[in-house]
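The two complexes that follow have subunit A in common; it is paired with subunit B in the first and with subunit C in the second.
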Partner chain A sequence: MRYTAFTSYDIVLLAQGLGVSLALFLATTIIGLFIGSLWAVIRFYRIPVLAQIVAVVAEVLKNSPVLVQLFLVFFGLPAFAKINVTPVEAAVITLSGNTAAFVYVIAVSAIESIGRDQIEAARVFGLSRWQILRRIIAPQAMAFAIGPLTGLLVNQLQVTSLISVIGVVDLTKIGNILNLRTLKPFIVWAVVGGLYYVMAKLVAFGGARLEKRLRAHTAWKGL
Partner chain B sequence: MTFDLTILAPHIPFLVKGAVLTAEACVLALAGSLCIGTVVAALVTSASPLLSRIAYVYVDLFRNIPFIVQLFFFFYGLPEIGIYIDAFTTGVIALSIAGGAFTSDVIRSGILSIDPGILEAAEVSGLSKPTIFRKIVMPIALRTSVRPLGSVFVNLILTSSILSTITLNELTGSAKIVASDTFRPFEIYAVLLVAYACLTYLVSLAIGALHRYLNRDQTEAA
Partner chain C sequence: MISVRGVRKAFGSATVLDGIDLDVHSGEVVSILGSSGSGKSTLIRCMNGLEKLDGGRITIDDFDVSRPKELSEARKRSATVFQLFNLYPHMTAVQNIALAPVEVLKIPRKQAEADARTLLDSVGLSARADAFPAQLSGGQRQRVGICRALAMKPRYLLLDEITSALDPEMTSDVLAILAKLAHDGTTMVFVTHEIEFARTISSRIVFLDKGQLVVDLPTAEFFAADGGMAKPRIAQFLSKMRKD
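== the complex of A and B ==
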C-alpha cells in the first residue's frame, strides 16, 4: 500500500531541503571566497613555487566536472587516506574548492584591471605592498569583480544540486524522494525548479544591488 | 595508502567505450544546442516584442534551474505523457535544451555586435529579411562568437557527466562501475579528473585556433 497524494508535510520537507541547499551554498561561498582571494594574493606576491601550484590546481578544478570531484572526495578519500568523510563534509570540501578556483580567476583579472600607474604612484608615496593591496587595489578590484562574482554565484547555486547524488538531503534529493513516492514528476520537478529559480533570482538581485552601491562613486551624477 | 595505476589497465577498453558515448552525446548535444540557440537568438533579436519575450523567458528559465533538475524533469516526466525514449536520447535532448539557452545568449551578443551600417547596406541593396539573416547576419555573428561558443561547449562536456545519474554509462558512469569493481575509487576518479581536464583543455586549444583562423582578416587589420 503506498500513499501517493501530496500532504501538507511535503511543504515542510521542501522547506527543509531548501534550508540545507541554502546553508551549504552560503557556507561554501564564504569558504570559497576566502580561499580564492588567498590564492589571488599568493599570485599577487609572486610567491615562487606556491603560485604555480595554485595556478595548476585552479585550472584542473575549473576544467573537470564537479560530479567527478565529488566522487573523488566522497569515495576516493576514505579508500585512499582512510579518513571517514560524511556526505556533507565531502560536499563542503568539493564545492568550496570549486568556488575558490573560479573566484581565483575573477580576483586575478580584477587585480590586473587596476592600472600599473596607480601602483607605481602608491609605491612612490612609500606605501608597503600590503598597504597597496589593502587600500588601493582591494576597493577597486571589489567593484570590478562584483559583476562576474554574481554570475559565478548564480552558477554555484545550481551546482549545489549535484550533492544530492552522494546522499546529501538537499532540495534536489527531496524532489527525488517526493517524485518516487507520488509519481507525479511534472508537479514535483516544476516546484523544485521554481524554488531554485527564485533563489537564483534573489542572488542576482542582491549582486546587482551591491554592485550599484560599490560603484556609486563612479556613477554619473548629472551636471 | 598506495597509489597504483596499473590495476586500471584491464578496464581501459571499458572506459574508452564510456568516453566514446560521452563524445557522441556531446557532439549531438552541440548540434542540437546550436540549432536551438540560433533560432532563439533570432527570436530574441527580432522586432516582435511577443517572440522576443517568449525567447527571453526560455533562456531565463533554463539558465537559472540546475541541469540535474531539468534532466529529472524530462527523464521521469516524458514517460508520464506517453513518450518512451531511452536514457541516451533523453540526455541528449536535455543537454541540447539547456545548452541552447547558453548558446543563444552567445549568438545574441554576436548579432548585437554587428555594425548597423552593414544591415542598412544590405537593406538598401534590396535583400529580403530572411536573406539578410542567413547570408549576412549569421555568418558574421557565428564567426565572431566561436571562442565564447567554445567555452559553452567545454561546459557542455563537463555537464554531460551528470547524465550518469540517469543510468547512462558514459565516461563518469563507467568509471563508477570500475570503481566498485576494483575497490580503488581514488585512483579511478583521479585519472578521470585529469582526463576531463586534458580533454577540455585540448578542446579549448582547438577552439582558439579555429577562432584565430576564421577571424584572421580582422586580427591583421587591428
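== the complex of A and C ==
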C-alpha cells in the first residue's frame, strides 16, 4: 500500500519533467522562430527555387499531424537515411520544424501587412534592401505578428507533451510514471495540467507585455 | 540638372508617358500640371527610380536612374515628398527624419537627430518632435515629410501632389514652407493642382495631357492669353480648376 503513496521525491521528479519540457519548448521556439523568419525573408525577396522549396516544406509541415512527423523523424531517419537520433534530438528536430512552418505563415502575413508606400519611401531615400528589412519591415512585422505568435507558442507548449511517446522524460512522461505508480490519475493529471496551464499563462503574459511595447506607436496621445 | 529624354512608360496596354522631354536646371521651380491620369505622378516616380522606364532616359546630375549602379547616386541628389506622406508609423517624427541620414549618409545618430530637431523647429513642429505619425494631423505629417526630404540635403526636391490630402488650412501651412524653400533657391519639381500657388512660386510650368507634354513654358508665358492659354486644352483645364 505504501508504494502507491506520494513522496517528497515526486516533487523533484515533477520539477525535472517540467525542466525538460521547458528546455525543449525554449530551444524549439528559438530554432523555430529563426528558421520560420528566415523562410519568410526568402519568400519576401522571392529568391528563386528556395522560395518554392520553403513554401512546399511549410505546407507539408503545417498540414500533417505532429505525432506523425515525430514518428517519421525518430523511426524514419535511422531506417531510410541511416541517421540515428536520440529521442531528444528527434523531439528538437520535429518541434522546431513544426514551429518554423507556422512562424513562416505568421511572418509572411505580417510582412505583407506593411504598406508598400513605406518601403517605396525608404527606397527613394537610398536605403538598401537589408536596411529596409532591419529598420522598416522587421520592427513593424514583429508588432503585427506578436499576437498570433503568442497563440502559436501557447499551442506549441502543449504540443511538447507528445514527445513522451518516443521516450523523452518530460512533464507528461513523469505524470504517466507517477500515475502508474500511485494509481491516482485525477490528482497526478490535475497537477500536470496545472503546471502546463501556469507555463501557458506565463507565455501569454510575456507575449501581451511585448505586444504592448512593440505597438506603442499606435497609441493615440492627442494632438 | 535633371534631364528627361524621350521617356515612355506603359502599364499593360495603357501608355501613361509618351515621349516626355524635360530639363530642370539648378534653382528652378518647375510645376507639372495636368488632369488626373495625365501622367504627372508617374513622371515623378520615374524620376526617383520607383518605376522602370519602357523607353528613354532620365539622368540626375548625369547619373542614369535606370542603371542600378548609378541609381543610388541619383537618389542621394534628389528627395521625394509623397502625396500620402509615407511616414514610418513605428518611428517618431525625429526618427523618421534622421533614419536616412544615419543609414545612407552615415551621419552619427546624435548629430542627425539634432539636425532633425532643427528642421522640425523651422516648420513649427519642435513640440511634436517625439510624436509618432498617428499622433500628428495631416498637415503636421506632411511637414515631417518635407523635413525628411530636406534632411538629405538634396539638390532636387520632387513633390508629388503633397497638399491633395490636406484641408485648406493645412494646405496653406505646407505651401508657406514651399514658398520659403523656393525663395531660398531650392530646386523643385512640383506636381500640383494648386494653380495659383504654382503661378506664384514656379519659374516654369509644364502641362501634361494623356501622357504627352503639351507645353513647357516660363510661368508668365504659360498664363498669358497668347501663350499657354491659347491652347484650348490648357484654357479648358485652367477654367475647370478655377471653378472647382
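Definition applied: the second predicted complex is superposed on the first by the 219 of 223 C-alpha atoms of A that agree within 3 Å, B and C clash if a C-alpha of one lies under 4 Å from a C-alpha of the other, contacts with A are read in each partner's own complex, and residues count from 1 in each chain.
To be clear about the criterion, contacts are C-beta pairs under 8 Å (C-beta built on N, C-alpha and C of every residue); 3 or more make two chains touch, one makes a residue touch a chain.
Treat the numbers as computed from the prediction; the structure is a model and nothing was measured.
Look at A:G17: by the touch rule set out above, it reaches neither subunit B nor subunit C. When both complexes are overlaid on chain A, the residue A:P87 reaches neither subunit B nor subunit C.
Taking subunit A as the reference, the larger set of touched residues comes from B, when subunit B and subunit C are compared.
Contacts of A:G207 after superposition on the shared chain: neither subunit B nor subunit C is touched. Of the two partner chains placed by superposition, A:G97 touches none, neither subunit B nor subunit C. In the superposition on chain A, A:G36 makes contact with neither subunit B nor subunit C. In the overlay built on the shared chain, the residue A:P139 is in contact with subunit C alone; subunit B does not reach it. Touch criterion met: A:Q118 reaches subunit C, while subunit B stays clear of it.
When the two complexes are laid over each other on chain A, subunit A has no residue in contact with both subunit B and subunit C. On subunit A, the positions that touch subunit C within their shared complex are 115, 117-118, 120-127, 131, 135-136, 139-140, 143, 216-223. Across the interface of their complex, subunit B is touched by residues 59-60, 63-69, 71-72, 75-77, 79-82, 154, 157-162, 164-165, 172, 175-176, 179, 184-186, 189-190, 192-193, 196-197, 200-201 of subunit A. Of all the residues in subunit B, the ones that touch subunit A in their complex are 1, 3, 61, 64-70, 72-73, 76-77, 80, 154, 158-159, 161-162, 164-165, 172, 175-176, 179, 183-187, 189-190, 192-194, 196-197, 200-201.
Those residues of subunit C that touch subunit A in the shared complex are 48-50, 72, 75-76, 79-80, 82, 84, 86-91, 99-100, 103-104, 131-137, 148, 152.
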